[in-house]
Amino acid sequence: MKFFEDIDTRPLLLVPVLALLAWPLIGSGSTWLTLTVAGLAMGMIIFIMASGLTLVFGLMDVLNFGHGLFIALGAFVATSVLGAMGDWTGSGEWWRNMVAVLPAMVVAMAVAAAVGLAFERFIVRPVYGQHLKQILITMGGMIIGEELIKVIWGPQQIALPLPEAMRGAVLVGDAAIEKYRLLAVAVGLAVFAAQMWVLGRTKIGLLIRAGVQDREMVESLGYRIRRLFVGVFVVGSALAGLGGVMWGLYQQNVVPQMGAQVNVLIFIVIIIGGLGSTGGALIGALLVGLMANYTGFLAPKLALFSNIALMAGILLWRPQGVYPVANR
Amino acid sequence: MLETQNLTVRFGGHVAVNAVSCCFEPGTLTAIVGPNGAGKTTYFNLISGQLPATAGSVQLNGRELTGLPASARTRAGLGRAFQLTNLFPNLSVLENVRLAVQATKDGAHRRGLNLWSIWSDHAQLTNRALEILQSVSMTAQQDSPVASLPHGDQRKLEVALLMALEPSVYMFDEPTAGMSHDEAPVILNLIRQLKKDKTKTILLVEHKMDVVRELADRIIVLHNGNLVADGEPGEVIASPIVQEAYLGKAREAA
Amino acid sequence: QGKDIKIAHIYSKTGPLEAYGKQTQTGLMMGLDYATGGTMTVGGRKIVVIEKDDQGKPDLGKNLLAAAYGDDKVDLAVGPTASPVALAMLPVAEEYKKILLVEPAVADSITGDKWNKYIFRTGRNSSQDAIANAVAVDKDGVSIVTMAQDSAFGRDGVKAFKEALKKSKLVHEEYLPPATTDFTAGAQRMIDKLKGQPGRKIIFIIWAGGNPFKIADMDLKRYGIEIATGGNILPAMVAYKQFPGMEGAAYYYFGMPKNPVNDAMVSMHYTQFKSPPDFFTAGGFSSAMALVTALKKTNGDTSANKLISAMEGMSFDTPKGKMTFRKEDHQAMQSMYHFKIKIDPAFAWGVPELIREIKPEEMNVPIRNKR
Amino acid sequence: MSTNLLTLEGVHTHIGAYHILHGVDLVVPRGELTLLLGRNGAGKTTTLRTIMGLWQASQGRITFAGEDITRLNTPAIAQKNIAYVPENMGIFSDLTVKENMLLAARNAKHAVQMDEARLQWIFKLFPPVEKFWNHPAGKLSGGQKQMLAVSRAIVEPRDLLIIDEPSKGLAPAIIQNMIEAFEQLKASGVTILLVEQNIHFAQQLGDTVAVMDNGRVVHAGSMQTLAEDTALQQSLLGLAL
Amino acid sequence: MFNRLISNDQPRSRLLAAVLIVILLGLAFAPFFFPGVKALSVAAKVLIFVVLVAGFDLLLGYTGIVSFAHTMFFGIGAYGIAISSNTWGPTWGAIGLGFALSLALTLVLSLAIGLFSLRVRAIFFAMITLAVAAAFQTLASQLSDFTGGEDGLSFKLPELLLPSTEFSDEPFLGVSLDGRLLCYYLLFVLAVGMLLSLLRIVNSPFGRVLQAIRENEFRAEAIGYRVVVYRTLSSVLSALYACVAGAMLALWLRYNGPDTSLSFEIMMDVLLIVVIGGMGTIYGAAIGAVLFLLAQSYLQDLLRLASEASVAVPLLSSLLSPDRWLLWLGLLFVLSVYYFPTGVVGRLRARAALRALATSKQG
């Protein structure tokens, strides 16, 4: 397939190389395995949260500082949905738990999408193409949204207990691999595959990138770019909602500020990825996840700065991220 | 005297300018012609420093310019007008020109690094800018923001900026493209005037053969990045390579 | 006299600690109501509470306190929610020579090296928390690893905890960045340290925000490792449901103290909100009790010197039983509660069952101000 | 059906506070090539943009194939099977040449669905389009970009081509190709509205001519009439053909 | 004469001139017009933010660089005073030394960042500064032995600036003449001086080049301006302004902590003030700072009144609750982008220009 021929494979090696470099430093094989699997899974959760932002930021060139809002929203919706399905989450059977989690995901995505629709209309639309104003107005939107979450759900933290069957770990020798992380990997891969398919096999990705550069020209070619932009924004918001559910279940509790808390992290991920490349964002997320675990184990003091150091290192190697998308 | 030696640039596998060695004497106008994509603009980019060369060197009056940034080359006396208009869109027409005047040797003392004087105290700069606008008959638009100018006027302003720099080498890249038939002569007159002052080196990229024929003292031809012909206008235009590769069937029309 | 007694309550009405601050305010108002027998007057003077929102920002809190003393002419102030805010406020009380009753900010240094004589605190300090927990888990043959935030709060807590341990063995101190969300690496280190140890193995957690209990998902049971921690607000104790049998020491849980003041508060709270009072409600209530007791002693006189001499060494009733302001550093000495988590389907959270009340006398809380 | 594919009646256009078009009347006969001439700033580009709905006419009426399109938005107008080449070429510089072409081919979902025969015809007219097929379009030379812009407009058959100064920056040989292309297109029944400064080009192609000045059409007629009347040329264009 | 003082940068709108004069007088006589601790704090904060924001405008409005690291320098300035007073005691020497050290650190860091800014794309640069600023804030709260960590540092100043120093027993016009008043006027003089000097800079030939770089960096380089040099200089200058503003903050508060001078929230406030006031105008900094800080400081009081008036309407009253003041602040962010695309200054100037056009047409 042509698609694979064009791929620059060097960034793909980053993840295994990092993992292998860490092995001798960590020493014990089982510890290494625990850390590596946990880091990769954490990367997947981060990727799900960031994937919507790569779409919106990378393709539409919208610096959406309000992305975290949709993450928080998704998580809060999940508390309500799962709270109403206590029987299903409390049961120890896999299928009953999944039946509870699936609607939570669907409803969270739907709510995030609906709010995204309004957000695009009232917050983002007037400022396409103007980064600075995007920053301000989406920050405003984020603040408003966070306050509204407090009005609806209250300012305190809400527990989001993980369904019974997803708790605990699978033991591989001496290494403990949490079950929930395995689920996260599955969901993350599904999101990744879907995005790659839509962007790689259809004209949508091209149209959006073209629309960012010269909106008038795309319209002159007969495409309703506005609708497409709305669509992408809505999808991006829905993905953030899904990310919120995953993140909330991981944390097992949610607070209104959670969106703001992950904002910087997901921006770092998509910068490493090259602003707008789905594959890049995945690599970025996995690297961030691994790096956090390895430094957390080897030198916890430095863990705080591991993301920044990682980003600086990557940008020194490739100043436009691992997969540069556009000259913006 | 401007000289390029073996000037080469490669983009991946594609050699856009291939070992071009050429000298340009003061007092002559050299026209550079060649098919689209022959490497004319790229050659200019290499000379004026917008692109780093893969190999080769650029010298002005014996001074080595290779490796210097574009701004330093401009200060050394290389002036350039761009093919695709490239101005300060939200500043006024006058301010555009004034900035170029300010960048000259006797601009605002030390070329704009003057933090503590007030710009409007430098009246001579404004006056000089107005003079230049006069010469391209654009004084009426002096306060309009550039973004609102029609295409043709933007092209004229592009030339005005070059004039304001007062370089010793003038490089024009299709200065009259998209200019109407009563506007183009204004620019062509300016170039003629420059020619009269026998100390300026002038390089002109132009596709309009009537213009080339009238103005050029010498023509060089680029083709696929190679310098393929160099000499008297009449001779070069008559050469088979120009007739076929460049003019094609347009022979009769031109 | 007849002039109103003005009290400023400066707390996080908004900001990350909004939920805590609101509990304090509820408790304060209920406490004033209870302590004055519903009259809201002491010594013939009416008590008026002015609320101010510090948003969790130290500079703002500092300005608000100055404005409260200077512009609103309050007689004394209560608050704030967060320790950094409290620390920024301390010099203001000294400048204006008026009382600041700290509740519920916990940092040791508030009644430690940053203290001045206008500062009193009804809330517990970090040391009290840590020492109580040490008393609760300290047994022969126990190996302990501490896990705390790498911040002043975490390090102070561990230090006090460590000093109070008498019998058990402290194997390792793990400090993690306060913003940690993935605890795998830290947990792995702690597992490595503990798994070879004989006897009972405990990870003691001092943490605020986040969810450090996730480490249980790494199947600590296979090495027989247990988790211990202090009390928390009810929503946070939902996570305790996963740890039946977990032990620790709490500042307050509504079901634990047995005294009339607590009974009154619990029933007042149920009537008003149809829910039990929480951690910080009790704190607010206690501060109200302290204020009214002191004002009764001075017969409504609010001059700082009178109040200070009335309050130093003063004992007063609170939902947590009797508290006493220690003369040296004005810290309220109070009971803590050794608990064990029990699962009760009637409650959304893990219910801490009282094992025993740790009386103030049992805790040797160091005096850290250089008075 | 009327013989005029496109008509403008008394069209006024404002850009911000500026009044640019002062009642433009223009007819574009079906199947012919109509030239719009005029000096810089006369309002040619503004007229084209107003037709495409990129600027709204504040007054007047624009009809295409008998239908009023004055108030339609740009995509709707383009979907009437109209192609537009703007003055600044509108190249998507981050996309490759192929991707640029693919976007212009509205009916094709993938690159392979583009009409192969038509592509070959374009490649022959404008060889660089083929040569740089997989290169980012932003890296093309000025003239190559111009070729790409025109290629995009003709990648699929359209009823009306609206083109703003296609010849600027093109080498003579290519201009010749373009003239041929337009002739072939015309022969296949396509109507063309062209703004052009290159008078040789204009002369060889134009069926009808409209000359603009100051936001109005000041002369309209056949190319032939203009070509024969030197006095008229002088007064309208400031030159003799 | 006056014209030269403002570097010939006239307000170009009579209303704007009037507003500026009102602000100047209001700040000059704030202690007398608006007595009270809170009012004076707000006025002092306006002074500090005028310097902070005007410096940022040099970078953003004039040079077109979006940086989120501005508060980092603000923090450095504030920590300079805080740490030095804390370690060496409340002496003028300590303050001077702390200030000098923080300026030096600012210079080095901003130089590094400025040089870096040319290596990467504008948007990457913005995001990188965001991360760097976040890292710096973390660092400040980690180095608790030095910076006091999350708790920050409360410190003392030389006697002269303390509220307890009374210069006269008699209050003057009802205001007691104490060290706090002196401190306020110190800030006032500093702020006015800094603002005038900045006006001078942006109206110099240098300032014009910055605008050219903002408009078209490529062309600015092509006509002979070394863009790297100008950008770096601009980012260094702007950082120094922020550093001074930080020092002013520390002097006024006698406290500093990570939340107070380094938080991302402040960065957002600064951005918003620039936009409300009008980018690339310097005067906008003053107007924006006044508007924003008044809104921020009194919004809760205002909402309290509003929610009391609307108790009858349940949902509205919960939205109008003073606890939800941030909601309205967020709305302010959104609305100011909607209705002031060119800021207050831009709006007033456009209005004046239209009027002039109308009268010149008539005349």
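Letters A, B, C, D and E name the chains as they come in the text, with residue numbers starting at 1 for each one.
Methods note: contacts are C-beta pairs under 8 Å (C-beta built on N, C-alpha and C of every residue); 3 or more make two chains touch, one makes a residue touch a chain.
If you're wondering where the values come from, they're calculated on a predicted model, not measured in any experiment.
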{"item": "Required minimum of steps from subunit C to subunit D, each step between chains that touch", "value": "2"}
{"item": "Third chains touching both subunit E and subunit A", "value": "C"}
{"item": "Most widely separated chain from subunit B, with each centre as the mean of CA atoms", "value": "C"}
{"item": "Chain centre separation in whole Å, for subunit D relative to subunit B (CA means)", "value": "29"}
{"item": "Geometric centre distance via CA averages, subunit E-subunit C, whole Å", "value": "37"}
{"item": "Length of the line joining the C-alpha centres of subunit A and subunit D, rounded to whole Å", "value": "45"}
{"item": "Between subunit E and subunit D, distance of the C-alpha-averaged centres to the nearest whole Å", "value": "51"}
{"item": "Touching two or more other chains - residue numbers and ranges from subunit E", "value": "138, 142, 324, 326"}
{"item": "For subunit B, residues contacting two or more additional chains", "value": "none"}
{"item": "Set of all touching chain pairs, with the criterion as stated earlier", "value": "A-C, A-D, A-E, B-D, B-E, C-E"}
{"item": "Subunit C residues within the subunit E interface of the complex", "value": "13-14, 18, 53, 56-59, 62-64, 66-67, 69-71, 83-84, 87-88, 90-91, 95, 107, 109, 114, 150-153, 177"}
{"item": "Subunit A residues within the subunit E interface of the complex", "value": "63, 122-123, 126-127, 131-133, 135-137, 139-144, 146-148, 150-151, 264, 267-268, 271, 275, 301, 304-305, 307-308, 311-312, 315, 319-321, 327-328"}
{"item": "Subunit B residues touching subunit D - in the complex, by the definition given at the top", "value": "11, 34-38, 40-42, 83-84, 148-153, 174, 177-183, 207, 209, 245-250, 253-254"}
{"item": "Subunit D partner contacts - residues on subunit A that touch it in the complex", "value": "201-203, 206-207, 209-210, 213-214, 216-225, 325-327"}
{"item": "Parts of subunit C lying in touch with subunit A, wherever the complex brings them together", "value": "14, 16, 18-19, 22, 150, 174-177, 179-182, 184-186, 188-189, 192, 209-211, 213-214, 217-219, 222, 233, 235-236, 238-239, 241-242, 348"}
